[in-house]
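Okay, got some structures for you below.
Shared chain: subunit A. Partners: subunit B in the first complex, subunit C in the second.
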Partner chain A sequence: MTFSWKRVNAIFMKDYKDFSRNFAVSIVIFLSPVLAAIYGRIGVTAIESHYMLINLTFAMVAAFVQSCLIAEEKEKNTLRGLMLSPASTTEILTGKSLLSLVLTLFTILLSMFLAEYKPANIAVVAIAILLSALFYIALGTLLGLFAKSVMEASVIVLPVMVIFSFGTFITSLAEQYPILKAATYLPNIQLLEIGIKVEAGAGFGDVWLQLAVIAAWVVVMFMLTAVVYRKRMVD
Partner chain B sequence: MENIIEVKNLEKIFSNQKAIESVDFQVRRGEIFGFLGPSGSGKTTTIKILTGQLVPTGGEALVFGESVSKLKQPAYRKRFGVLTDNSGLYGRLSIYDNLKLYCDLYDVPYAKIGEVLAAVNLQEDEKKRISTLSKGMTQRVTLARALLHEPELLFLDEPTSALDPVNTLHIYEGLRALNKKGTTIFLTTHDMQEAETLCDRVAFLNKGRIQLLDAPGKLKKRFSDSTITVELKSEEKIILPAGAEGAQQLYDYMQANEVETIHSNEPTLGDIFVQVTGRKLA
Partner chain C sequence: MTLEFVNAEKRIHDSLIFPSFNLTVNKGQVVAVYSSVNVREQLIHLLLGKTLLSHGEIRLDENPKQPNSAGFLFLHHGLYERLSIAEMLQFTKRLHSSKTSADDILRLVQLDGKRSVKINQLSFSEKKRVQLACLLIQDPAIFVLEEPDQNMDLESKRIFLSILQHLREAGKVVFILTGNLESAVTSADTVFQLDDNGLRSIQMKADEDEETADSTGTLASTQPVRFEKIPTKVNEKIVLFNPPEIDYIESNEGQTFLHIKGESFPCVFTLTELEERLLPFGFFRCHRSYIVNLQKVREVVTWTRNSYSLVLEDISKSTIPLSKSKMVELKEMLGLK
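The block that comes next holds the complex of A and B.
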């Protein structure tokens, strides 16, 4: 069966209407812009601070919102309705991810504007942010598939917020404890490295390794999510 | 007649406990097939296997002539509909928006929404949010959703369990109309009256096995004790054999103008179920 944008759009529009009436979850999208406005007012310029805000948006909007959207579908038995419909796995997962992607990118753009962060190389940063967004959305989907309810998803996502929002702490800890060296390959640290390099004048050729690491995370997370989703299709 | 469902030696084991074992039956294309049994008898497990939501431990289940594992393919999912006890509706959205989503998923024109809402007597309520509806109304929306794409095969798990008598009759009319258009209906219910009213054939499931399978009328004849009850004007009730001997006695009572009512002593499906399984449907 061919991929149907009509089905993807139907799931996206349904999620948009549902999300706009779900104030308990939708309120989180305001956190980053509020912090960004404060940054802008007090004149924060450190690149680490800007990327902490961007990574916080990924954790709060991409991962948290996405995990709640998926967990609620499971909790209310609506995911079963989608799975039994003619929509394919790709159509359902794309449709279910589209709202989180749009919200994440919009929130990051707004936050960057309010915090007055202007990357030296917009193209590189845009691609890095898009790749990172895909990773966090896949991570959110995976967590949502494991959670039995929205409440459970809100708890499971907490370590994600801590680990991925505060990348600079992991970097400094890794200097003290070599065992944490592997953690520097996490996508949030790679994104921060790209941000720092770009400010020093780097182009695509200088950050391809960091982009490749993030892309590898995206591929692994997408595959893992697809496997778990297919397992969830049968009881 | 072509079989739309064929089940042979079907078995499902959950943690060393057999939910169903050696289940055999066929559902003919175009019939309304009743799957009757008490709670925990394996009805929902069977529906889940037949809709590809559960993998059987043993045996074979064919739907549309193909193994149920093929039902995971989107092309097959368009051919059947499912109504289960879990509503699966979006509470913050209106009835119309819920059905609109499924119109898009099944490629059905939006005009069909009004038609299915009329079939479940909800045409005036399309703007209401699902979260504000009563259990009965929610059940009707779920049924409307299952009817939307006029599937070849419709699985209904207790479709009228939360409905009042008026809406139940309305639903029966809708299901009969859909069946006349060619939809085969696989129905599970506790309600013996519902099974008698709607089903062409019924299967009694007990402790994971099918105990009996036939048309309700044939079962009632088979389990009838061939007697009639005559109630006299004196309020005395007399049971007469249905043969020649009984006919003579009945004739005598009628000649004497003593007869108030006459009833054939056919058992209900519920009576037959208890007789066959030793259990009540609950």
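The block that comes next holds the complex of A and C.
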């Protein structure tokens, strides 16, 4: 079966309309721009706090919104209709991820603007953010597949929010507890490292390792999601 | 396009869900299968390709099953409740790359006045109609409907029946799965009962046939063959029951009702006429307003010296009153004193 953008677009438009009327979920996209505006006004310019905001946006928008979108399809019996339609699995998941991706990128841009963060090398940061967004969307899809309802999805996304948005503190903890060194390979911390290096004037050649680590996370998460999707959707 | 079951048989572990049967649904035909919930769910799973038959196969137009030629109307509606009716239809149309006009479908389900109303503000019956509209817009060759008119209001049932007529004319294959005999009889041309005893046809004929039969009534009366089935009326159709199927007959405000497997069907005959016809089949007038099938009686309960009841062995363990004078008669029949 051929990949049809028409069907993906149909799913995207449907999700957009549905999402814009679902205030219980859509309210989260305002959280980080508001925080960013406050940070920007009181003059917080530390690179760590900018990346805390970006990582918070990833967890709140990409992971949370995506898991709610998937979980709601399951809860309301609508996923069955989608799966019986001519749309293939790839088309369904692409359509559903597209909205989260657009929302995430839009929210991050707005937050960066409001927090007055201007990266020294926009191209590097943009690629890093895009890669990370893919990781968080895959993570959100995975959580959505495990959750049976929107309620459940919003609970199981909490640990993700804690680990990935405030996880930048792990680096300082890791100095005391060497076991936490492994945690520095988490994509949020890799992203922060890229941010710091870019401010120090680094180009692509200096951050390829970090980008590779994030890309590896993306690949692992995509594969995991695909496996879980097959298992969960056979029922 | 036809839907065909060939020697279809299903077992789960050691229990038989239904034994092997053959059934063909042709173009422009509405066929209903009246069954229990278990059998219905199994059939749906089989048609969805989630489970496989123990024996035999399901054929769509002589080809092995391909899932997309059939459209399903499930008992639980899967609608996006925050979308309006028009948006929902538009989405379904684009998802299925369908050419059908959404306006025509909206007129067909008579929701064109509510096209911009959000689905969560609709009544249950209206949601069912939206669900039906989504199926119509997909325009599949085979319609599989699961309990299509359950809990529907009268208006929606009427619309549903007119849509079925529309599908017949469009030459679609319509396969209804229901646990409600009345619904099956009202909507379908041919009704079958499927359970662990196999597939049986439930005979019925439309009113028009009955009228033509009346005109040749003189001929029929001269024939020595006695017609044994008991007719009942469900909406416009006449359903015929074998006497042994009947649990008991009740008369209520001048109208007689046949009770069969927990459902009741109005009958045109009076109790006295029925008593006469059914006496050879082991039926017994146990009360002024009851006739019971003695084969189905499990217990005779004595409440006091003058009040008795019969308990039947049907699913709901119905109790039938037994009057004192009839008790004596019954005892004689049973050979007791």
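Note that the second predicted complex is superposed on the first by the 235 of 235 C-alpha atoms of A that agree within 3 Å, B and C clash if a C-alpha of one lies under 4 Å from a C-alpha of the other, contacts with A are read in each partner's own complex, and residues count from 1 in each chain.
The rule is simple: a residue touches a chain if its C-beta (ideal position, glycine included) is under 8 Å from a C-beta of that chain, and two chains touch if they have at least 3 such contacts.
Remember, it's a predicted structure, so these values are computed and weren't measured experimentally.
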>> Both complexes share subunit A, so when I overlay them there, do subunit B and subunit C fit or clash?
In response: clash
>> Taking the superposition on A as described, I'd like to know which of subunit B and subunit C A:E152 touches: first, second, both or neither.
In response: neither
>> Applying the document's definition of touch, where does A:L82 land relative to subunit B and subunit C: first, second, both, or neither?
In response: both
> Looking at the overlay, does A:R21 come into contact with subunit B only (first), subunit C only (second), both, or neither?
Replying inline: both
>> Looking at A:I11, would you say it contacts subunit B, subunit C, both, or neither? Reply first, second, both or neither.
In response: both
> So, A:D206: does it touch subunit B (first), subunit C (second), both, or neither?
Replying inline: neither
>> Looking at A:E48, would you say it contacts subunit B, subunit C, both, or neither? Reply first, second, both or neither.
In response: neither
> After superposition on the shared chain, which partner residues are touched by A:E116: those of subunit B (first), subunit C (second), both, or neither?
Replying inline: neither
>> Tell me which of 45-53, 207-215, 279-287 or 297-305 in subunit C produces the clash with subunit B after alignment on chain A.
In response: 45-53
> Taking the two structures together, which residues of subunit A meet both subunit B and subunit C?
Replying inline: 6-7, 9-11, 13-14, 17-18, 21-22, 76-78, 80-82, 84-87, 234
> Which residues of subunit A touch subunit B in their complex?
Replying inline: 1, 6-7, 9-11, 13-14, 17-18, 21-22, 76-78, 80-82, 84-88, 233-235
> Across the complex, what residues on subunit A touch subunit C?
Replying inline: 4, 6-7, 9-11, 13-14, 17-18, 21-22, 76-82, 84-87, 234
> Along subunit B, where are the residues that touch subunit A in the complex?
Replying inline: 48, 51-55, 72-75, 77-78, 82, 86-93, 97, 100-102, 104-107, 145
>> So in the complex, the part of subunit C that touches subunit A is made up of which residues?
In response: 48, 50, 67-68, 72, 74, 76-83, 87, 91-92, 94-97, 118, 134, 138
